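Chain nomenclature is as follows: A, B, C and D, assigned in order of appearance, with residue numbering initiated at 1 for each chain independently.
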Amino acid sequence: MLPWKGELAGRLDVDVITSELLRDNPLGDPAERPLWVYVPPGYDDSDERYPSVYVIQGYTGHIGMWANRTAYRQPFVETADAVFASGEAPPCIVVYVDAWTAYGGSQFVDSPGTGRYHSYLCDEVVPWVDARYRTLAAPGSRAISGKSSGGFGAMITPMLRPDLFGALATHAGDALYEMSYVAEFGKVVRLLRQWDGDIFRWWDDFRSRTAFTKEGDSELLITLGCSAAFSARDDGTPELPFDATSGELLPEVWDRWLAWDPVRMVDRYADALRGLRAVWIDAGARDEWFLDLGAQAFRDGLARVGVPDDRVRFELFEGTHMAIDYRYPQALAWLAHRLSR
Amino acid sequence: MLPWKGELAGRLDVDVITSELLRDNPLGDPAERPLWVYVPPGYDDSDERYPSVYVIQGYTGHIGMWANRTAYRQPFVETADAVFASGEAPPCIVVYVDAWTAYGGSQFVDSPGTGRYHSYLCDEVVPWVDARYRTLAAPGSRAISGKSSGGFGAMITPMLRPDLFGALATHAGDALYEMSYVAEFGKVVRLLRQWDGDIFRWWDDFRSRTAFTKEGDSELLITLGCSAAFSARDDGTPELPFDATSGELLPEVWDRWLAWDPVRMVDRYADALRGLRAVWIDAGARDEWFLDLGAQAFRDGLARVGVPDDRVRFELFEGTHMAIDYRYPQALAWLAHRLSR
Amino acid sequence: MLPWKGELAGRLDVDVITSELLRDNPLGDPAERPLWVYVPPGYDDSDERYPSVYVIQGYTGHIGMWANRTAYRQPFVETADAVFASGEAPPCIVVYVDAWTAYGGSQFVDSPGTGRYHSYLCDEVVPWVDARYRTLAAPGSRAISGKSSGGFGAMITPMLRPDLFGALATHAGDALYEMSYVAEFGKVVRLLRQWDGDIFRWWDDFRSRTAFTKEGDSELLITLGCSAAFSARDDGTPELPFDATSGELLPEVWDRWLAWDPVRMVDRYADALRGLRAVWIDAGARDEWFLDLGAQAFRDGLARVGVPDDRVRFELFEGTHMAIDYRYPQALAWLAHRLSR
Amino acid sequence: MLPWKGELAGRLDVDVITSELLRDNPLGDPAERPLWVYVPPGYDDSDERYPSVYVIQGYTGHIGMWANRTAYRQPFVETADAVFASGEAPPCIVVYVDAWTAYGGSQFVDSPGTGRYHSYLCDEVVPWVDARYRTLAAPGSRAISGKSSGGFGAMITPMLRPDLFGALATHAGDALYEMSYVAEFGKVVRLLRQWDGDIFRWWDDFRSRTAFTKEGDSELLITLGCSAAFSARDDGTPELPFDATSGELLPEVWDRWLAWDPVRMVDRYADALRGLRAVWIDAGARDEWFLDLGAQAFRDGLARVGVPDDRVRFELFEGTHMAIDYRYPQALAWLAHRLSR
C-alpha cells in the first residue's frame, strides 16, 4: 500500500446537491453542497438494493477533509471500502454529508443561528440519495454515524426521525454537557478578558486574520458555534449560556443547551430509541472532553428505557479524542451486519 | 532575616480547646483541638480591647502547617505579625483555628459525616477566645479569613452567623460549583474504574499505605471529604453527588452541594451580607479550579443584593491556586483598618 | 472561497519519477516516486524561464498530505499559487518532492539505513525538473524550503550542494540537537522499559497494529527513523545514540548525529553559506522541541561566519510547532523576490 | 497519631555551629549555621558509640523545612526516629546539615560563587559532631543521604572524601546533566527574553518582590544558583553554561558543569566508590527531570567500575520527583544495618 494513494474497490461519486432549505441561511453559507456517495463493489453489476450509512463529521469538519491522509493510516473512505472489499461485512452504500457553516459546524440541528441543517439532512439529502441510488429506503436499512459533534448528530437524528434512521454509531459523541462543556466555558471566560467579555469582538478578529494563530481560538469558535446552534435568538444572534465575566450559567439559556444533551433526551425519545436495530457507542477512555463519560451515560440511558442489550455495542477503548478514525470502519462493519437487507 | 527562623513582635499562644461539640464525632477525630492565638505588639502592656480575625485553612490543612517554612518566604504567622509590627495596620488578635478531619477537612459545616465543625467554631472557639483574650466581642470587630476551602468557610460563616462575624476575606474560596467541582468528578469517575466504582475501596487502600503515592489520591480524597461534609446520609455515610460509573449528576444529592455554593447562597443570605463591614475577595486569574470565576460570581452576587462597593475589595491577580499565601497579610491589613474599634 | 475546494491560477502537474538511486533501498520503499510540479500563471503562454523552489516535508510527511485541508485554511499548494496569482511576488516553479520512508522520513540524507535520499533529490529530481520545465537552472535561481525535518533538509542541502541551491527557507528546522533531541531520548528510554529496552520489539509491534494507538509511538518512531538516517551501521541497522536503559549518550554514535546538526555544520560549510543569496529562518517562540532556539543558534552561526545580514530574514513568531503552514507562503514570496531571474 | 504533632523516642538537639570557612562568603550568608543532631533512644542511658548519618537537602531547602508538616504524613525527623524506636534498624545518630545560600543552595561544593560548603560540611560539621557526640568516627560508620540536589551532594561527597564517608543514599539525585539540565536551559532562555537575556536583571527583580510570583522563577533561580556553584568566575560571578539568547552550550563553561556530573565522576573516583560499604540509589520512574535515568546511569557506572552488587540497593519506584520523602526512612534503615558498629 503506497502511503500517498489508495484504490477503491467500490466507487465514490462526488456529487453536488442544491438545498432549498439552506437557501438564504443566516450565515450566507453555500446552499449548493458537496455530497459524496460511495457504492460498494458489485453495485454496478447488479440491480440489488443496499442499506445505506450516512456519515457526518466533527466540529470544524467539512467534506473535503475525508480525503486527508495521515501518516501510516488510510482515509476512512478507503478503510470503509476495505470493509466491503474484504468481505468483512455485507455491502452498503455510504453517504458522506457536508454540514459545515461559517462557525465551523451546525451540530446537525435546525437553528435561526446557522440554518436548517437537520431538515436538510433528513428531508433533502436522504430523498436525494434514495432517488438516485439503489438504496433500501426504510429505517431498518438506514444508519447514521459520526465522531464528536458528528457522534452527537448520529445520536440525535434517529431520536428525532425514527422514520428515517434505524441504527447509529457514535464515536466520542457530545453528551453529558455539564462534563463536556462547562470547563470549556471557564476557559472561554478567561479568554474573553482580552475582548471585554464580548465574543463577537473576538469573532471579528478571528475572521480578519489567519485562523488558529491565537491561543483559545478553538474554544471560542466551538462555543460560539454551539451557541448559534443551540441558543440563538430568533434574529439569529448566538447567546452564550453563561455570564461572560463570571462563567455563571444562565439557566434560561443553558436549559436550551441541555434540551439537546443526548443523555437528557433519552427519556423523551425512549420510543424512538427502543425502535433502533443497532447502536454502536464508543469513546477513548481518556477523552479530553470526558466524552467517555457521556458515552457511558448515554449507554446507561438506553438500558434504563429498555433498549435490549443485544442491540447495543459499547466500548471505552484506550485512547483520547484524537486519531480515533480507525474505529469508524469497525462500527461500519458492525452496522452493515445488522441493517435489514 | 534568616530563612529558618523568624521572631515575632507580638506573641503566639499555643492553646488547646476541649470541644464538647466534637466529642464522639463520627470519624473519631480528636475533640481536644489545638488553637493558636496571636496577640499583637503592646497587648501585654495595655488593657485595650482589640478586634479579632479568625483564620481557617484549605483542604488537608491542619494547624501545624502554619509553622511550615517555604523558600524565600515567611510563614503567615510571621507576615501577619509584621503587618502590625510595622504599623501598616492597627493591631488585632489573630486566631488560628483547626478543623482537620480524617478525610482532610470539614468544610466548616455541621455534618453527620464529619462532625459539628461550624458550631464548634462559632459556639465554642469564639466564646473561648472572647473569655480569655481582650477582644472586642461584637460582629463589627470580628472577621474571618481563609484560602480555598478556608475561603469557602470565610464566605459562609458570616452568612450563617452575622451575629458573630462582620467581615471576611476569601482567597480563591470554593464557589461556582459547576465550574470548580464537576471536572473533578470526571477525574474521580475515571480513577474509580480501578476500584469497581467504589470510593470506599479506594479509601481503605489509601489508609493502608503511604498517602499520596497513587495518582488521583488528592482528587479522590477531596471528593470523599466534601461528600461527607455536604451530602452525608443520616448515618454519616458520604454520598457522591454523581453516578460513580458515568459521572452523571444525581440531582437530589447534587442539590445538597449546590445549597452550599456561596454564589447560590448570596440571595438567601442577602441581609447578612448587606450587614458586613468589609469583604475581601481575590483569586489567581489562572486558578486550577476556576476559583477566579467563583470569586467573580460571588462578587457579582454581592453587587446584585446591594452590598455597597466601598465595602468590597475585589482582585483577580496574576497567579494560580498555589503559593498565594503572600496575599493573606494584605487582606489582614485591609480588614484591620475596617474592623470597628 | 469554499472550504472544501480551491482553484489554482497556475497548474499543478502530478508526475512520477523513477529513481535509480532509490532502487533496492534497504527498507524496500518505492523507487517510483510522486513528484508534484507547479507552474505559475502565464507559464503556458510564454517561453520565459523561471526560478524554482523545492519544497520538502516534515517527519512522517508524504506528498499526498499537501492536499490535506484544515479548517479555515487552504493547503499550501493553494496559498503558494495565490502568492503568484495576486502579484505579491514574481512567478516561480514550485517542486514538491517526496522523501517518505517506511520509518516515516529520510532526513534528506544518504544513509545505509534508509537510502540515498539526498542524492535522489540533488542528482535525480533537480535534473529531471530542469529537463522538463523551463527553469533557470543555476543555484542563484534555485531555492529549497521546508518545515521541521523539512527545514533541516532545507538547511543542509544548500550547505552540501551550493552548486545547486542558492537560497533556502527553514521553518522550525531541526537544529541544536542537545536541546531538541535529548529530552526525546529520555522519553524513549522510559517507553522502552515495556519493550525490554529493545526498540525493534516496539517496531515489530507498531507495524502489526493500527499506528499511533499507543502512547509514545511518535517519539519512538522519530528516534528510530533518525537513527536510521544519522547512525545506521553499514548493514543498515539503526543504532540509537544513547544507552537504551539509562539514556546516557554514546559519544561515538551521538557524534554522528552532531555531525548533522545544522548549528554545528555552519563553520564547516561557511563558504557555501556565504554564497547564499537568501536565507529565511523562523520558528514559533514556544516550539515544543525548542526549535526556536535552534533557529536562533543557526542564525547566530550565519552571522559568525560572515553571511551579510541583508540576506537573512529571521523571526521568532508567537506560536508552537503546530499549525504554522501559514508561514510557508510568506517565505515563498520573500524567496521569489530574491532569486535571480 | 495527631497530624499536628509528633513525639520523638530519641532526642533532637537544635545546635548552632559557627563556621570559619563560611565567614565572609561571597553572598553574605550567615556563618553561624543551625545544625540539628538527633540521638536515638537509649543514647542518654549508655556510653555506646553510634554510626552517624548526615542528611542534606534539595535545592531551596533550609534546615527549618525539616519541621514542615504535610497532610497524612510525618516529617522525616519523626519517621527517622520511628526507624530506631520500632527496632526496624539499629540506632544511629542523624545529623541535619544546613547549606542554604542566597541563591537557594550550594550544591555542597566549594565555589567562589557561593562559599566553601563542601569544606564546611567535611572539615567543620563532621569534626564538630564527632567532638560532641558519641559517634563511631570512621568512614565505615558514617553515611550521607539526601534528595535531589541533596542526593547529588550525597553522591559526590563520599567520592571526594572517602576518608570521611563510607556509605550514601541518593534519592533522585542530580545526575546525567544533558538529560536533567539542558531542557531547563531552554526554558531559561525563553524566560530571559523578557530580561534582555540578562539573568541578573531577573535576579534584581526577584529579590525586590515576593518570590515565586512570576512564571519561571524556579527555573531561573536554580540555573543561577548552579552556575554560581559550578561555573563561577574567580570573582564569584556566576557564568551561565549556555548562550543566553540561543541556548547553545558554551563548551568551556559546560565542561565545568560536566566535571560535576556524578555519572561522569564515577570513573575518576572509582577507587573511592569501590571502597563504599553501602549505596542506596532510587528515583521516581517519572521524575520530571529524568533523574530516574540519572540514577540508572550512576548505578550502571558503579557496576562498570566494579562496585559489588551486594553493596548497592537500586530502585526506580512508581512516582515523580515530588512527595517522595517517605523513601528517606527506608534508606536510613537500610544504611543503619550496613554501617560498621
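For this structure, a couple of remarks:
Just so we're on the same page, contacts are C-beta pairs under 8 Å (C-beta built on N, C-alpha and C of every residue); 3 or more make two chains touch, one makes a residue touch a chain.
Here the structure is a predicted model, which is why all the values come from computation and not from measurement.
Note: the chain lying farthest from subunit C is B, by mean C-alpha position. Chain centres here are Cα means. That of subunit A falls 56 Å from that of subunit D.
Inter-chain centre distance (subunit A to subunit C, centres taken as mean C-alpha positions): 36 Å. Touching of two or more other chains is recorded for no residue of subunit B.
Touching pairs of chains, sorted by label, consist of A-B, A-C, B-D, C-D. Of all the residues in subunit C, the ones that touch subunit D in their complex are 176, 178-179, 182-183, 185-186, 189-190, 193, 243, 245-249, 263, 285-286, 290, 292-293, 296-297, 300.
Considering their complex, residues 2-5, 30, 34, 60-65, 67-73, 98, 100, 104, 210-213, 318-319, 323, 326 of subunit D touch subunit B.
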